[in-house]
Amino acid sequence: MSQRIPVGVLGATGMVGQHFVKFLSHHPWFEIAFVGASDRSAGKKYSEATSWRLAGAMPDDVANLTVAECKPAGAPKLVFSAMDAGVATEIEQAFAKAGHTVVSNSRNHRMEADVPLLVPELNADHLGVLAAQKKNRGWSGQIVTNPNCSTIVLTMALGPLKRFGITRCVATTMQAISGAGYPGVASMDITANVVPYIGSEEEKMESETQKILGAFADGAFADHPMKLSATCNRVPVVDGHLISVSVELSSKPGEAEVRAAIEAFTAEPQRLKLPSAPARPVVYLPQQDRPQPRRDVDRENGMAVFMGRLRPCPVFDWKFLCLGHNTVRGAAGASVLNAELMQAQGLI
Amino acid sequence: MSQRIPVGVLGATGMVGQHFVKFLSHHPWFEIAFVGASDRSAGKKYSEATSWRLAGAMPDDVANLTVAECKPAGAPKLVFSAMDAGVATEIEQAFAKAGHTVVSNSRNHRMEADVPLLVPELNADHLGVLAAQKKNRGWSGQIVTNPNCSTIVLTMALGPLKRFGITRCVATTMQAISGAGYPGVASMDITANVVPYIGSEEEKMESETQKILGAFADGAFADHPMKLSATCNRVPVVDGHLISVSVELSSKPGEAEVRAAIEAFTAEPQRLKLPSAPARPVVYLPQQDRPQPRRDVDRENGMAVFMGRLRPCPVFDWKFLCLGHNTVRGAAGASVLNAELMQAQGLI
Amino acid sequence: MSQRIPVGVLGATGMVGQHFVKFLSHHPWFEIAFVGASDRSAGKKYSEATSWRLAGAMPDDVANLTVAECKPAGAPKLVFSAMDAGVATEIEQAFAKAGHTVVSNSRNHRMEADVPLLVPELNADHLGVLAAQKKNRGWSGQIVTNPNCSTIVLTMALGPLKRFGITRCVATTMQAISGAGYPGVASMDITANVVPYIGSEEEKMESETQKILGAFADGAFADHPMKLSATCNRVPVVDGHLISVSVELSSKPGEAEVRAAIEAFTAEPQRLKLPSAPARPVVYLPQQDRPQPRRDVDRENGMAVFMGRLRPCPVFDWKFLCLGHNTVRGAAGASVLNAELMQAQGLI
Amino acid sequence: MSQRIPVGVLGATGMVGQHFVKFLSHHPWFEIAFVGASDRSAGKKYSEATSWRLAGAMPDDVANLTVAECKPAGAPKLVFSAMDAGVATEIEQAFAKAGHTVVSNSRNHRMEADVPLLVPELNADHLGVLAAQKKNRGWSGQIVTNPNCSTIVLTMALGPLKRFGITRCVATTMQAISGAGYPGVASMDITANVVPYIGSEEEKMESETQKILGAFADGAFADHPMKLSATCNRVPVVDGHLISVSVELSSKPGEAEVRAAIEAFTAEPQRLKLPSAPARPVVYLPQQDRPQPRRDVDRENGMAVFMGRLRPCPVFDWKFLCLGHNTVRGAAGASVLNAELMQAQGLI
């Protein structure tokens, strides 16, 4: 009999839900025991309710689960939310109210003043807001969120540089089609093309980054003071968001200092040896033409962010490229790592 | 009998040369009478010496020309240079010395102090250096160059903004594979991928832009004082370089002023109604997700630059996207427009 | 004042309708005077009712037309139908009943016993069924259809070979994404992938081909007796359906005979010099690696079919590749050429 | 100390060689102890001599090996050949003469009368020719080959059908770019395009298939008597050759019989539980739109062939699609499985 902790996935039949199912397959701590979806799927076997869109086969163990409605009764204590923004607010709150820990990839609660927007390597201390969250809302459970898939790549790459005092940052993304779900981007729009627009993405990157890298003090979040400008583009790549970044750093570090800071960067998930934590959160690739989405995105199980091409910026101080796996580190893997941190800290 | 001016193409069998042959087909002023290539092609018919790589069929009139060596004897007075950098210096100078006007797409002479790096809409006055060039070098002919394909897109888009005082600019390109010639980029490198590196491209964009937008006064070029930072990426797009740009403008214009400046932007080629000049050099596309390479690159015969998504930049003043056809406005079309301007001004 | 014949487009705001609008722009005989669409678009300007998805800009003249409901009152005598199969039957019949000539790209009436499935180069005599159609149905108008986009490429290529007695044919298609409309194929399905299935496409290719190449005698259609097997695949190409074909020919012609038959192939549209007719319906490309979709699809304005790689087939007699533009010759252009033939023959 | 059998890779720095290095990493029986390449690489560390083009990082253990010349002295008894056809004949023969077992992916010796063209699931008995090979050539070693990457996919799929008497077969391939090595196919040729030609590929598929599926009796190979016609196309897919196949079967099996034959198909590698053998050589995918290269190619570690869409063929008996990983089952994995079979049979 399995000794793993039973967990649920809300919105399990959708594309993001499928990423959770795939990522949690063979997880050493967690085992999917509950797959929640809409009314019209409830009662069916997961394999019947789901048009599996991912590479490879559907995990056998989940295939045979019966899909439940997204209601707290009978669900495990820990649930991952892969729900569409249109329904996530109400359902996530119902679960939290009923005593569940909701680790959510949905955007709905990210920017609220008493909800952590958690990246374990960057702001584990933000979990300190949870006591206030429970109190404010009268919940026995809680909601923790992870950022948007492009935000997480940028913030992870900025993590090692934060000590140098980031004052300004200009970022242009080249984002994979898998970031838009299914059916997502029409092939007529993106084949041999670039679409220089992703609805609300630039606003999310700018505001979420400032919350994540900001402080949590005296029970409140304070945005990081950097000025940040994002331009978001969709490119014909399957997985992996690549970002071109220029940064102004107040302490004016030299190249060796920046590289050393990247090499030395490690944090709570690494110290705790969380199962999904990459050995090193940010990996610098020294080749002149890397990172590249197709060639690098699956390294480190998709959980590290890759940096490359660090070079002086004629306008600011340094410029570089960074890359992360949008459906792993930028979605399902981010939520799971959040839950692992909370589990290790006794917060679930 | 044709009344058109006979012209030559040096390096006519290569990929860039083929773009010249295609672009000049049915040109109202110029007619290709001379196709120069390497020794091993000389003497063959153009159709036999050339592996035609462009969409559509090889123009019939050029197909039957006999390829000549790239030597001045017998060549027309006006020659376009599509030669590889490895051989262009010596051959272009030999033609100029022998009295030919060499309108070159090669990079070899672009940054020299007595050679115009010409974009007719931006710096037609730079042609004023030609008298000094002839004198310095003892040439009866002359060399005029056009910029690199990514530079021209950026400089055209910055053209209408120059009046507001450009002080800083951060640009990230997403460049088409056709910019690398043939065989150029390996499909294993770029299929469903982005390559965040193009050799020497960032340096060229930064230095060429400053020369083009700079002044020509007292017989000398002075670089434009803006600080400019470029990041150059290759994306799986056939034609069209798209650039994400953030600019700092000293006069702090409002959106209406910027838009009006773009709408009003026109220059010498438009006044002279040069045959290859677009009706408007910079066309603003109001849709929220444009310009897009595949959908917009062929508009205006590939000779205009398209701007879109003008919006406030949290770090500087304004940010936008711009797009241009790299093998038309960024190569063959650029050279031909240069020659048209010189012809109209009696400089050939 | 225009002397062109006013025409209507039913389903004008959809993707197929947009192809009609683009193709008819600057047509020498026809001028769009009526754009019909669903109730919710009716009353708006075409430019407001339509999300233009095609490369280039929306034609100005049509942009300002007011969209009408798809009802016969007030519509021109000649209408093109670009309607979805879900609504085409009823509306097309209503127009025919009201005296209009409906030249349809929809599949609904293609296989009916009194409706021509017309390819002007192949079966112009099938128009002979129209008298019976009117009589049978009590219509003062009429309906004429063109085949599915993959069928037309195959049938055009088989056209010159029909004289040799086609007995068996195996065809495998590689079809462009534009054949599926908009949003059509999800980019997650087709990026760097092939989808070896297109719903109902194989059945359509097999049955339509036999009707088109079949005889019309004694007032009835008789299927061509060849055995035909089709496999239909979607590939990541924007425009152009490429087909690999093996054929058994009863008269066992040699290569020279086959090539000569292709070269000599011409038909009614060429004799009548119809405005949209290609100079030659089938163009043989002698290079060993052609035809290719991206490089060849736009030649001859997309109205010819391109053949290449004719070589002996170890199983049957000959094998070859053929290519045609699916949204031009395979859709809007097919309908327009049908209307041109009918106009020239006094049938409208 | 490792107890694994030391092996060598000839041509180890090239693209095919890299696939061997990747595939053999962590192999339970074999360990790379020798990496051979050209003179100009010899003496360098593998990591310095090699531009690693594959996804993921170069395996650490091989990275530190010193590249040797491709000469037998000092090489392990078992060597894999990943050499270019231009040099493979002489070097492979030198190794065989010197007593080495050469398991080759190169085409040079495939069609020779005393060399097995081995697919372990199909013709393990062909190894019986080795005694004659040694005797004929006076070698103490031996050469065994595997087929071309497209051949192996077709032959594996035909394997379960052979019992029904294959009399005719028409196959059209859609082949991945990785099949052409590096730099291989130019992106200008294949982006958003199909190239309907791969040099010599059709001839190889036709002749190799007949040898592989043919008999070995009385010391000689006899071609399988089927008539086979192949058309080979390159499509913009990274890995995985997909083939559309129509077959005539003399015993006229029904669908259930064909499906059962596929399900039951197993062979020597499965019985011997060879480490690289897939659990089942041919896996039938029941979904209507599978197999698909991007989604299915990596299943079963790339060592199985996937079939789908079995349906009646109006011309022959049955048609279907099949897919295999061209650089795994079609190259490095094929050779390694060949070596595993030989090792298990005591032939090395």
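Per-chain residue numbering starts at 1, and chain names A, B, C and D are given in the order in which the chains are listed.
Everything that follows uses one rule, which is that a contact is a pair of C-beta atoms (placed from the backbone, for glycine too) under 8 Å apart; a residue touches a chain by one contact, two chains touch by 3 or more.
Predicted model, so just to flag it, every value in this text is computed and none were measured.
The set of chains touching subunit A and also touching subunit B is given as C, D. Look at where the CA atoms of subunit C average out and do the same for subunit D: the two points lie 42 Å apart.
Inter-chain centre distance (subunit B to subunit D, centres taken as mean C-alpha positions): 48 Å.
With centres taken as mean Cα positions, subunit D sits 40 Å from subunit A. Within subunit C, residues 191-192, 236-238, 294-295 each touch two or more of the remaining chains. Viewed as a network of touching protein chains, the structure reduces to a complete graph with every chain in contact with every other. Contacts from subunit A toward subunit B in the complex involve residues 168-170, 172, 174, 191-197, 206, 227-229, 231, 233, 235-238, 242, 244, 246, 288-295, 308-309, 313-316, 319, 321. Contact residues on subunit D toward subunit B in their complex (touch as defined above): 53, 177-178, 182-192, 236-238.
Chain contact summary for the complex, subunit B toward subunit C: residues 54-57, 191-192, 238, 294-296, 298-299.
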